[in-house]
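Note that the chains take the letters A, B, C, D, E, F, G and H in the order they are written out, and that residue 1 is the start of every chain.
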Amino acid sequence: MAESKPRVAIIMGSDSDLPTMTAAAKILDEFGIEHTMRISSAHRTPKMTAALAEGLEDAGVKVAIVGAGLAAHLPGVIASLTTIPVIGVPMSGGGLQGLDALYSIVQMPGGVPVAAMSIGKHGAKNAAILAAQILALSDPAIRDQLQEFRERQTQGVEEKDRALTAGEL
Amino acid sequence: MAESKPRVAIIMGSDSDLPTMTAAAKILDEFGIEHTMRISSAHRTPKMTAALAEGLEDAGVKVAIVGAGLAAHLPGVIASLTTIPVIGVPMSGGGLQGLDALYSIVQMPGGVPVAAMSIGKHGAKNAAILAAQILALSDPAIRDQLQEFRERQTQGVEEKDRALTAGEL
Amino acid sequence: MAESKPRVAIIMGSDSDLPTMTAAAKILDEFGIEHTMRISSAHRTPKMTAALAEGLEDAGVKVAIVGAGLAAHLPGVIASLTTIPVIGVPMSGGGLQGLDALYSIVQMPGGVPVAAMSIGKHGAKNAAILAAQILALSDPAIRDQLQEFRERQTQGVEEKDRALTAGEL
Amino acid sequence: MAESKPRVAIIMGSDSDLPTMTAAAKILDEFGIEHTMRISSAHRTPKMTAALAEGLEDAGVKVAIVGAGLAAHLPGVIASLTTIPVIGVPMSGGGLQGLDALYSIVQMPGGVPVAAMSIGKHGAKNAAILAAQILALSDPAIRDQLQEFRERQTQGVEEKDRALTAGEL
Amino acid sequence: MAESKPRVAIIMGSDSDLPTMTAAAKILDEFGIEHTMRISSAHRTPKMTAALAEGLEDAGVKVAIVGAGLAAHLPGVIASLTTIPVIGVPMSGGGLQGLDALYSIVQMPGGVPVAAMSIGKHGAKNAAILAAQILALSDPAIRDQLQEFRERQTQGVEEKDRALTAGEL
Amino acid sequence: MAESKPRVAIIMGSDSDLPTMTAAAKILDEFGIEHTMRISSAHRTPKMTAALAEGLEDAGVKVAIVGAGLAAHLPGVIASLTTIPVIGVPMSGGGLQGLDALYSIVQMPGGVPVAAMSIGKHGAKNAAILAAQILALSDPAIRDQLQEFRERQTQGVEEKDRALTAGEL
Amino acid sequence: MAESKPRVAIIMGSDSDLPTMTAAAKILDEFGIEHTMRISSAHRTPKMTAALAEGLEDAGVKVAIVGAGLAAHLPGVIASLTTIPVIGVPMSGGGLQGLDALYSIVQMPGGVPVAAMSIGKHGAKNAAILAAQILALSDPAIRDQLQEFRERQTQGVEEKDRALTAGEL
Amino acid sequence: MAESKPRVAIIMGSDSDLPTMTAAAKILDEFGIEHTMRISSAHRTPKMTAALAEGLEDAGVKVAIVGAGLAAHLPGVIASLTTIPVIGVPMSGGGLQGLDALYSIVQMPGGVPVAAMSIGKHGAKNAAILAAQILALSDPAIRDQLQEFRERQTQGVEEKDRALTAGEL
C-alpha cells in the first residue's frame, strides 16, 4: 500500500469496517494509485474527523472514499468540510443490514453531495473504480489502466461463459 | 417565547422544519420552560453547528431538541460535541417520507446516543415533553406541571369517550 | 452490580433479552451508577408491569431503560404510568429482525414520549450512556465520568487509527 | 347503533380513528349485533384502558375490536387483560402510513394473541365480519346472516361483472 | 394428538411448514382441544383445498388455523369458502423472510377476513391460543384452562424476574 | 373492444381496478388482439373465479392478464387452475400503496408461476405487450405489429430528444 | 442438457447465479425442452449482452429466462433488444437480500415488459414452468407434459397430507 | 443553457423527468459549466442510448448525470459503456415512490460504479454540484466558484438563523 503523496484517502468510522474497505484499497493498489487509510469516527472523534476533512485538499488528496455503518454520518460530515468529491460506502450488518447506512449516505439534502455506492464489498470496490475514473479525467495513464481493467473484466465474464458452454462449470 | 437563560435549545437544519418544530416550542411555552430556537445545518454550516453544540452546556442549556430530515445527520453531529442529552426529531417528507431521517437518527452506533422521537409533529411534541421530564428530575415545579399535563391529557380522552358514548361525536 | 438505592431501572420483557440488556448494565457499572434489573412483560404480566412502573418514582428511580422485542409495547406501557424519562431499546431477532420493535418503540403518539435507541447491543449501551447524561445534569461526578468516558472513547479510535497507519491492523 | 347488552366492544385510541372504525359499527348494525363504541388510549388513559379491558367479560362482551395508529399498543394492552378474542385494526396515516401500526399489532409475542386485520377501513369492516363469524359459532341467526351477507357480496361482484360484459361500466 | 371430532383444523401449504405449525398443535394438546392437521396447497392442490374448506363446517370444525409462506394465499382461499373464523400464520424464510407472507395474509380486502398472527412460531402458538379463546366463549372448561394458562404464564415471568433479582440468571 | 373469440382474458378482482386495467385493453385493441374483460374476486366469488379459470383454455384463451390489489390472491388462484400463462398486475393504492399486492403476486412458490408486472398502469400496459409477445411466437402478424410498436416507441423518445435539444420542451 | 436447437435461453449475469439458475435447467430437462445456458453481464459485457439479445430470435429461441442480482439490469436490457418474452429471476443475497433485484426486475416502465418471478430458486423453477406454458400454446406435447407435471405435483402434496394424517411425518 | 463544447451531459429516460433534472441544469448554469441535455431511454431506445454513452468521451464530456425512475436501468447502462464518471439520480413517483429507482441505481455490482444521489430534486441539484467538484480537480475557476457557492449557502442558513432569532420567521 503506497503511502507517499496519496491522491485518494480511504476513511472509515471503525476498524470493524476494515475487511470491507480493504476491497477499495486493493483496487487502488492494482491501479497504482497512491492512497492512505484512516480510521476516524464522526461521533467518537468529531474534531479529528473535522481536522482530517479540512486537511484533505491541502494534503493533495483528490478523492475521499468514506465507509460507515448504522447511522453512517461520516461521509456527509466529511463532505460538509471539503469540496473534493466524497464517495460513501454503506457497511452491511446491524439490525437493518445496511439499509440504515444506505439511506443515511444517499439521502443527502441539496447542497452537499455524497456519491453513494452499493452496500458492502461491491460498494467498496466500486468506490475505488469511481475514484480512478475521476482521476483519469486528468491522468491518461489511469485512463489506460481503466480501459485494461474493463477489458480484463469483460474477458473474465467471457471466459466464464465459454466454460459454462463447454460444460466445465 | 422566553429567550433569556434558555434551558432547552431547539435546533433545526432548515427553516422548512420550522412548522414541525414549533410543536415543541409550544409545549415548552405551556410548561414555562425557557428555550431558544436556532437554525443550523450539519452540512451547510458545519462550523456554526460545531460552535453551537460546543457552547450549549456553557450557555446553561440542559437539553437539546434537534430536528432534521432526509440524511438527518444534525442530531448525531450535535450529540458528538456535547454531553447534554440530545433528542432527535425526524422530519417527514422527501421520497422516503421520513423513514430515512428516522433510521439516520435512531441507528446511532454505541457510544454517542440520540433519543429518537416519532416522525413529524408527534415527535416534536414528545421531544418537548421528554425535555420537561428530564428537567423535572431536579425541578419540582416542572414535575407538578407534568402531572397536570398528564391529567389534562387523560381528561381530554375521557371527555371524548363521554361525548362518543353520548352520541355527540 | 450495585442494587441498593438504584437510580436507574433496567426492565426487559423476557429473559431472552438479558444478553442484550447486560450491555446497559455494564456501562452503568462502569460509571458507578446504582441500578436494578427486572423482567416484566407488558402482555404476560400486565399488572406487575403497571405496579413496577407506578412505583419507579417513589423508589427513587430517575431513569428507566426498557428493552423489548417484536410488538415491543413494554417501553410505551411503562412510559404511560410514570413521568420519569423512559428509554426504549428494540431487540433484534424475529422475522422482521427488530424493525417491528423499532417502529413500535419510536412511533409513540404525541403526549407520552419514549426515547428510542438503535436496535440491539448498540442501543442498550447507548441507553445507559443517555441515562448517565440525564443524571449528569444534576450530578457533577457523573458529568466528569462522562467526559472521561468520551475521552477514552476518542483515544480508542485514535489508537486504532495509529495502528492502521502503522500497518498493525 | 344498539347500546343495550353489547356483545361486541369497538375501542379506539383517539377520536381521529372514528371515521375508520365506523365501518366496523356499520357492519355490526347490518347484522343486528349489539355493540358499544369507546375511546380509550393505551398511553394517555392507561388506567381507564385497564379497567375497560378487565370489565369486558363481566359486561357480557364476547369480542373486542380495537383500532389504533402509530405505535398502536392498544390492542395488545387490552388483550393482555382479558381472555376474550381481541381483533386489532391498524390505522393508516402518519409518516409510515400505517406500517408501524400494522407491525405493532400483528407481531405479538407468543402467549397473548391479537387478530390483526388489514390497514384502515378494509380492516375495520373485516373486524366486524370476523366478530360476527366468532359469534355465529353459537348463534345460528348470525350464521344465517353471514351466509346472506356472503351471497349478497357474491351477487354484487357478479352484477359488476355482468355490467362490464354488457359495456355498462 | 387427538383426532376424533376435531374442533380445530390446522392446515398448512407444505410439509416444510410442519415444524412451525407443530407449535399450534402443542398448545391445543395442552388445552385438550381436539384438532386435525392437514397439508393442502392453495396452488398445487386447489381442488383439495376447496373441498377441505367447504367441508370444515360440516365436519364440526369451529376454527381453522392456516399456515403459509411466500405468496401465502392459503388462509385467504380457505376463508373465501367457509364462514368459520380463519386464523393465518405467516411462515418466516424465503428472500423476504416472511414479510411477503405477512402482507399477503393480513392485507385481505373488505368482505373476507383472515385473523393474522405474527411471523413464525410465535404466531403459530398464538393462533392456537386465539382458537381456544374463541372456543371458550361457549365452553367454560376451556375458559378455565385459559385462565390457568395465563396464570402459569404470568408465574413463569415472575419466576424469571425473581431469579434475575436473586442473581441466578 | 373486440369480444368474439377472445385470445386474451383480462380479469380483475373489483370494478375499482378498471381504470388501471383499461390500459391493458387499449394496447390489445391497438394490436387488434381479441380480448374479454371480466370482474371476478378470489375471495368474494371463489366459485365463479374457479369456473372462469378452468374454462379459459377451452374458450380458446391463450393468455390471462389478472389485476388485483391488497392481498392480491387472484392471479395465483387463477394460475393454479389453468396451464395457460397468467400475467399478474399489482394495483397501487391502499395503506401499503401496492407493495402488498406486488409481494403477493410475485412471490409465488415453486410449481405455479405468475408473471408479475410493475405496479399500476405501467404494469397493465406491459401485461398486454407481454401477452402480444407470447401470441407473436405463433402469429407473424402480431410479431410485425410488435416491431412497429417498438419502432413507434423508439421514434417517440427520439422526437422528445430532438424537441429538448431544439429547446422546445 | 440438450444444446441443439435450443428453444429457451437461460442467461445469467454471473457464474455465482449458476446454483440458482440450474433449477430452471432441471425443469426444462424434465420437460425435454432444448435450452442453452449463457453467462453475460449487463454491465461488464454490454456488447456481448446486446449481441446475445439481438440474436435470440434468429437462433430460434422462443423464451429467454434471465437471472440477475443486486441492481439486476440484465433482464430489462435483454428485453429492450428482443421481442420474445423475457422472464426475470431475482437472485437472493447481498445487503438487501434480493429486494433490490426484485424491484429492478419487476418495476419496468410501460413499453418493455419483463415477467418477474419470485426471488431465488422458487423463481428459477417457476421461470422454466412459465416458459413451458408459453411453448405449450403451440406444442401439444408440452401441454400434455404440463398436465402430467401438475398432476404429479398435486399427488406429491396429497401424499404428504396422507403421511401427516397417518402420523408418518 | 450553454450548448457548445459541453463538459457535462444530463441524460434522462423520459421527458417526464425534465422538471426534476432541470435542477441540475440550473446549478451548472450558475457555475458556467457547459452542458447538454438529452432524452434517451435504456429500454425504448437502447441503441441510441448505447451510441450516446459510447460517444460521450470523444465529445469531450467529462461527467454524465443520468436521471431515471422505476426500474431505472439508464445510469447503469450508460456506465457500462463509458469510463467517465456517471452520477445517477433516482426519480420519485410511481407505486414505490422512488425506492425502486434508488435501489436500482445504487446497488450496482462490483466493477461498474454509478454515483447515486438522493431521490428527486435534491439529488438532481447534488449531481450538478458533484460534477462541479469533479471538474474542479483540474479547473481552479470552478474550485473558486464552489468555494463561493458553499459560502453563499452557509450565509443563507446563517441569515435564516438570524431571522428566526429576531422573530422574523
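Keep this in mind: a residue touches a chain if its C-beta (ideal position, glycine included) is under 8 Å from a C-beta of that chain, and two chains touch if they have at least 3 such contacts.
Bear in mind that the values here come from a model prediction, so they are computed numbers and not experimental data.
Participant: Give me the chains shared as neighbours by chain C and chain D.
Facilitator: Chains that touch both chain C and chain D, as defined above, are B, E.
Participant: So which has more C-beta pairs touching, F-H or A-B?
Facilitator: The comparison resolves to A-B.
Participant: So the centre of each chain is just the mean of its C-alpha atoms; given that, what is the distance between chain C and chain G in Å?
Facilitator: The computed centroid separation for chain C versus chain G comes out at 49 Å.
Participant: Starting from the mean Cα coordinates of chain F and chain G, work out the distance between those two points in Å.
Facilitator: Averaging C-alpha atoms per chain gives centres 19 Å apart.
Participant: Centroid of chain C to centroid of chain E, CA atoms only: how many Å?
Facilitator: Each chain's C-alpha centroid was found; their separation is 34 Å.
Participant: As a quick test, compute the distance in whole Å between the mean CA positions of chain C and chain H.
Facilitator: 43
Participant: Give the residues of chain A touching no fewer than two other chains, as numbers and ranges.
Facilitator: If we look for residues of chain A contacting two or more partner chains, we find 14, 41, 44, 70-71, 94-97, 99, 102, 106-109, 111-112, 118-119, 122, 150, 153.
Participant: Strictly by the criterion at the top, what is the full list of touching chain pairs?
Facilitator: A-B, A-C, A-G, A-H, B-C, B-D, B-H, C-D, C-E, D-E, D-F, E-F, E-G, F-G, F-H, G-H
Participant: Residues of chain C touching chain A in their complex?
Facilitator: Residue positions touching the partner: 90, 92, 97-99, 102, 118-120, 122, 150, 153-154, 156-158, 160-161, 163-165, 167, 169.
Participant: If you look only at chain A, which of its residues touch chain H in the complex?
Facilitator: 23, 62, 83-85, 87, 102, 106-113, 115-119, 121-122, 125-127, 129-130, 133-138, 143, 146-147, 150, 153
Participant: Enumerate the contact residues on chain H facing chain F in the complex.
Facilitator: For this pair, the touching residues of chain H are 14-15, 18, 36-41, 44-45, 48, 70-71, 94-97.
Participant: Show which residues of chain E lie in contact with chain F when the two form their complex.
Facilitator: It is residues 13-14, 41-44, 46, 50, 69-73, 76-77, 79-81, 94-96, 99-100, 103-109, 111-112 of chain E that touch chain F.
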